[in-house]
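Lettered A, B, C and D in written order, each chain numbered from 1.
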Amino acid sequence: MTKKSRFLQTPIEPFVVDAGLRADELLARMERISFQGRNLATAHRIWQKMLQDDVTIFMGMAGALSAGGLRLIVAHLILHRYVDCLVSTGANLYHDLHETRGQRHYVGSPHADDAALAEDRIDRVYDTYASEEEFIANDSWIAEFAATLEKRPYTSREFLHRLGGHLWTTTGRDGILTAAYRASVPIFCPAIADSSIGMGLSQARQQASGAGYIDIIGDIVESANLIIRRPRTASVVLGGGTPKNFINQASVQAEFYSSEVGGHRYALQIVTDVPHFGGASGSSLEEAQSWGKLATDSDKVSVQADATIALPVLASALVTTCAGLLPSRRKPTFSLASRVMTIDDQTVPSDRFEEVNEPAV
Amino acid sequence: MTKKSRFLQTPIEPFVVDAGLRADELLARMERISFQGRNLATAHRIWQKMLQDDVTIFMGMAGALSAGGLRLIVAHLILHRYVDCLVSTGANLYHDLHETRGQRHYVGSPHADDAALAEDRIDRVYDTYASEEEFIANDSWIAEFAATLEKRPYTSREFLHRLGGHLWTTTGRDGILTAAYRASVPIFCPAIADSSIGMGLSQARQQASGAGYIDIIGDIVESANLIIRRPRTASVVLGGGTPKNFINQASVQAEFYSSEVGGHRYALQIVTDVPHFGGASGSSLEEAQSWGKLATDSDKVSVQADATIALPVLASALVTTCAGLLPSRRKPTFSLASRVMTIDDQTVPSDRFEEVNEPAV
Amino acid sequence: MTKKSRFLQTPIEPFVVDAGLRADELLARMERISFQGRNLATAHRIWQKMLQDDVTIFMGMAGALSAGGLRLIVAHLILHRYVDCLVSTGANLYHDLHETRGQRHYVGSPHADDAALAEDRIDRVYDTYASEEEFIANDSWIAEFAATLEKRPYTSREFLHRLGGHLWTTTGRDGILTAAYRASVPIFCPAIADSSIGMGLSQARQQASGAGYIDIIGDIVESANLIIRRPRTASVVLGGGTPKNFINQASVQAEFYSSEVGGHRYALQIVTDVPHFGGASGSSLEEAQSWGKLATDSDKVSVQADATIALPVLASALVTTCAGLLPSRRKPTFSLASRVMTIDDQTVPSDRFEEVNEPAV
Amino acid sequence: MTKKSRFLQTPIEPFVVDAGLRADELLARMERISFQGRNLATAHRIWQKMLQDDVTIFMGMAGALSAGGLRLIVAHLILHRYVDCLVSTGANLYHDLHETRGQRHYVGSPHADDAALAEDRIDRVYDTYASEEEFIANDSWIAEFAATLEKRPYTSREFLHRLGGHLWTTTGRDGILTAAYRASVPIFCPAIADSSIGMGLSQARQQASGAGYIDIIGDIVESANLIIRRPRTASVVLGGGTPKNFINQASVQAEFYSSEVGGHRYALQIVTDVPHFGGASGSSLEEAQSWGKLATDSDKVSVQADATIALPVLASALVTTCAGLLPSRRKPTFSLASRVMTIDDQTVPSDRFEEVNEPAV
């Protein structure tokens, strides 16, 4: 018998199927299989570590996850503080608002006759439908709300907190925006102009001159200041897109102004895009290390999977294994009701970066 | 309030996360979300229907599923007769044999230094390693076994049954080949020449003139005759490749000779390939209907997911919800020990098709 | 001989290879092959039609196309008015600015040691490198420029026109921003906050209080008014992302205010994302018809390909076959130097939608 | 000015578009862009090197390339000896035979009504149609031919050479099978049982007892002996599948018997599959090095692209730049008309490996 190679250390343990396995047991048995199954199990493990460490956990959310039935998972993760800050596309927040306002998305078919749908004014998102009429009513509802606000620029963070509050007051229903409002979790939406929330805001301007100004450059400053204030961070990304980059950019920007910032300590992403076409959505976490977005010794994993499969499994495992960790989590505390937010009672300006760099001793 | 469009019938039900959810509960809550999550839930539902109907269930298996830790799931599905006939690539059977013989695959990294691995004679499959030396020993073991067989052509089905029997006698260990042997489930391997089992067979010829003849055209005849004998079928495909097409081809071939054959009644596939490049692996189940591979009214679903995520969830749900259905399943009974196999006591020749077409009345 | 099916009308013409074939000849021979090759040939054909019709052609650009070596193609298409309006991610404009300022991106490897790159402060984009130091200098350059502007909100369109002008004055070099400036082609960047241009703007605010305000809601109004003013449009999308949706959203928004708007008349997209995960980047053009983003009788094609292969071929063919069409193109004329832009001498407000709906006769 | 990093050596050269660019000029201008465009240009460069070196060039071919309009490109590459040995799926040879026999595939739509197609007995391959009736006639034609052959096992290589000869005699038309016959280029089809050629062979057995025996294990021996006889090899793979692995396996198998074999010296693959699901089709060329399938110092490139785009461009460039290299190519010479083939006048047995290992000096 020859000496074992140093490469052959940890045997694959084939998954053994049993009746009644829970989500966390599924993932425990997937830890030593291969490919994306192993990666999903690793994602669970890494999220557990985040919750036990002293890090601010950013979550990014792109793709049609709210329309697709995942909004109450995200709401749960926010409300119970599995994450501390959400960066989202506008569409996910809009589809969340749509349902929180009591309307629905519908089971449809990817093989639909789109001309017939157009005739009926039904909007299709792959295999899911919604009523255009209801969407137009949402736009007006957003416009009316935005028109009531004091006429000044709002960061998307401030605007979305106010919108969440208005939704919660009006409906009392669970959802992403209302959970974030109730849990005082900030939401950033850097591409709000590319969404129906943006369309609603543009219509506010039609109703009231000077309404609907969003200061997205202020969002850059605010998000970087968040990290300057509390430099240890983690990143959970669902689906790439602008949220993925915005979370990374905040870290890079913060590093200009504070030598304590050194890239995320943990990173997990669930994406379907691939690295080899060069786009940011599919870019690898290794690549992110070259930029300093991620610490070179960070714990990280990329899961190549549709979030509609991966997230239900992962979140169900997480709430089973980690609910007990939440009470002792060293999580940041935010106040979000004003123009200037605070984190752990420190102000987080949106008009200038906090410069805290010190000469290395 | 306007009248609802006929397209808006079944609302999306957002997934509600709870502690302790089992695999079957996960899938039950994914039935009315969207995208691939919904499809995976539908796959569970369709497999349940298969088990309650009177159909022969073919399972196809491509991709490195055995090396990747799924072989004992497949073995379980065979042993307990969630499926009736396996069509596999050679590699999956070879990696199964590798572990059944007591050897292991190992957890590795996709970022490995392949020159260093080559130096150590470690073979990499994405993030999984194996010892080349052990592989060479397997090849010899297969060659030696094959050299002991009577010198005549063997269908892959007959050869693999004999190989499974030899493995079971030698090791008494669970695995795909041994489960199929014990449960008298036939395995076809149409591309056996493109695998290390084929390499072992080619080395048998080196040891014993006239050894290592595989009659893969006989496999075509036999698989079609199986369907002629029992025309109602279902197809479960993991990963595309030659198994996917071979299962469909058997149905098309059978239809030439029996008017009772009309394409699979149920079909589910878990694939990562996509339709739009035209390859068979990624081809849609709709396309399969144009060929008559699938009945036009079949129950079908395609899940775009890595089997290392989808299969653990799906199989765990299945053994929870369907174990009770197995005793009353109207499943076919095979005898496989001879050159000519039987199904439900009828012979299934490999040298000529059974012609049972009758004039339409 | 049986009667031909109505489905068998146009035979596939196998591609015949010859020495010396030009890009346009390649595409001509690909018109009657299959899969994405045929789609790329169709894209050429559709773009030709756009140029001969009276439509405003929007181009969307996402993915790392500028860093990846395609910026001078896009610049050419703008300068010679193969397109009339660009919607881009910030990164593509930033990487364009980087090179226009005389700096380079570099050929790298996807297998690089990212820790070593981080050590050297080299940022990796898959197989392409850039100097972080040079990037920081760009940010400062942008900040300094932005700090010189009058302190008021700017649509991204106005800001980018001014930035392009400054670049052109300073460098006299070809690029996307300078071409758009010279050709008076508007550029919208709805997600400018998610890019290094946004980071530069945020630093402007550090230098000069009140600097760096971008009115991206104004961009929504302006882009919709563009379409209200000139309702016949076409869409060319490279890579999905926010540009793809923003172009479609402008059309949907415009439709609220003008009954003459009816979705794009032509649409072509070159994407690598797929529809079946539900994200907007990979969504099909058929789906876009359900929303009214695209006319139900539009000429359209989706090409599943990396733009670094597809665009060089397509653009080379286009400039060969269509340069002669440009002089007689009925293209819109813009003035972009002021807060309020004009199209064909009509104002395009950014603070309120032009309402031109008339009662149906 | 700071010192340049060692990583910043070769600047990206943006593609400059011009009228009239030829395929080879396109690729020359793509050599220093990024992502898959650069890879396609590199593929051209590597193939040029192969043609100037003393290597046997294997080409693998999977996916519906023949139906999809690429068969005459492959035929050209064979006839003019840009490649020396083809390994193909059965479907590609079958669809080639279909057209060489004077029948056609047809332009179709991926959105077809498959039930209507089934009604008309039209078989769909994504966006391409064919007549089932004509397919059935092909099967019979193959069966009849196979039934005329002496009753003994044939390697797929021998059978396909005879089939190509029969096709050439019968039709005199260009195609893959006829080009290979005329140029004495061997074709291996390890998964012939998974194709309509296999179905035709199975029907031959119905007509004539003892007909239709294919010795695919003999193909393994023969392909390895080819490499033992001429150990320097190169691999060009279109689309993964069984051909990709069979070409690699031949090299690995040959290495057992000859110490001169050391993996392919050059490798290029054009694939759409990805590595991260673990399947062989998408596996990286780096991974192949761990197995010794590829020399660790080989010249290699992977192009992620649909072959219907990549191959027309690449082959058109190749015939422009490399036709002049062909007369002086040191290519192998085959005789294929007998049971035992020869290479450069040496026999290539199919019943035992040539053992030429020598003790290392």
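Please note the rule applied: a contact is a pair of C-beta atoms (placed from the backbone, for glycine too) under 8 Å apart; a residue touches a chain by one contact, two chains touch by 3 or more.
Since this is a predicted model, take the numbers as computed values, not measurements.
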Look at all chain centres (mean of CA atoms) and spot the one farthest from the centre of chain C.
B
Contact-pair count is greater, between B-D and B-C, for B-D
So, in whole Å, the Cα centroid of chain B is separated from that of chain C by 45
State, to the nearest whole Å, the distance from the C-alpha centre of chain C to the C-alpha centre of chain D.
38
So what's the Cα centroid distance for chain B and chain D, whole Å?
27
Could you pull out the residues of chain D that touch at least 2 other chains?
34-36, 64, 67-68, 111-112, 117, 122, 125-128, 274, 276-278, 286, 304, 306, 308
Residue numbers on chain C that touch chain B, as the complex places them
34-36, 111, 274, 276-278, 304
So, in the complex, the side of chain B touching chain D is made of residues 62-64, 67-68, 91, 110, 112, 114-115, 117-118, 122-128, 132, 136, 153, 190-196, 198-199, 201-203, 205-206, 209, 212-217, 219-221, 224, 239, 241-242, 245-246, 249, 252-253, 256, 272-281, 283, 286-287, 289-292, 296, 306-308, 351-353
Inside the complex, what are the residues of chain D that reach chain C?
2, 5-23, 26, 29-30, 32-38, 40, 64, 67-73, 76, 99, 104-108, 111-112, 116-117, 120-122, 125-129, 131, 133, 286, 304-306, 308-310, 312-313, 315-316, 319-320, 323
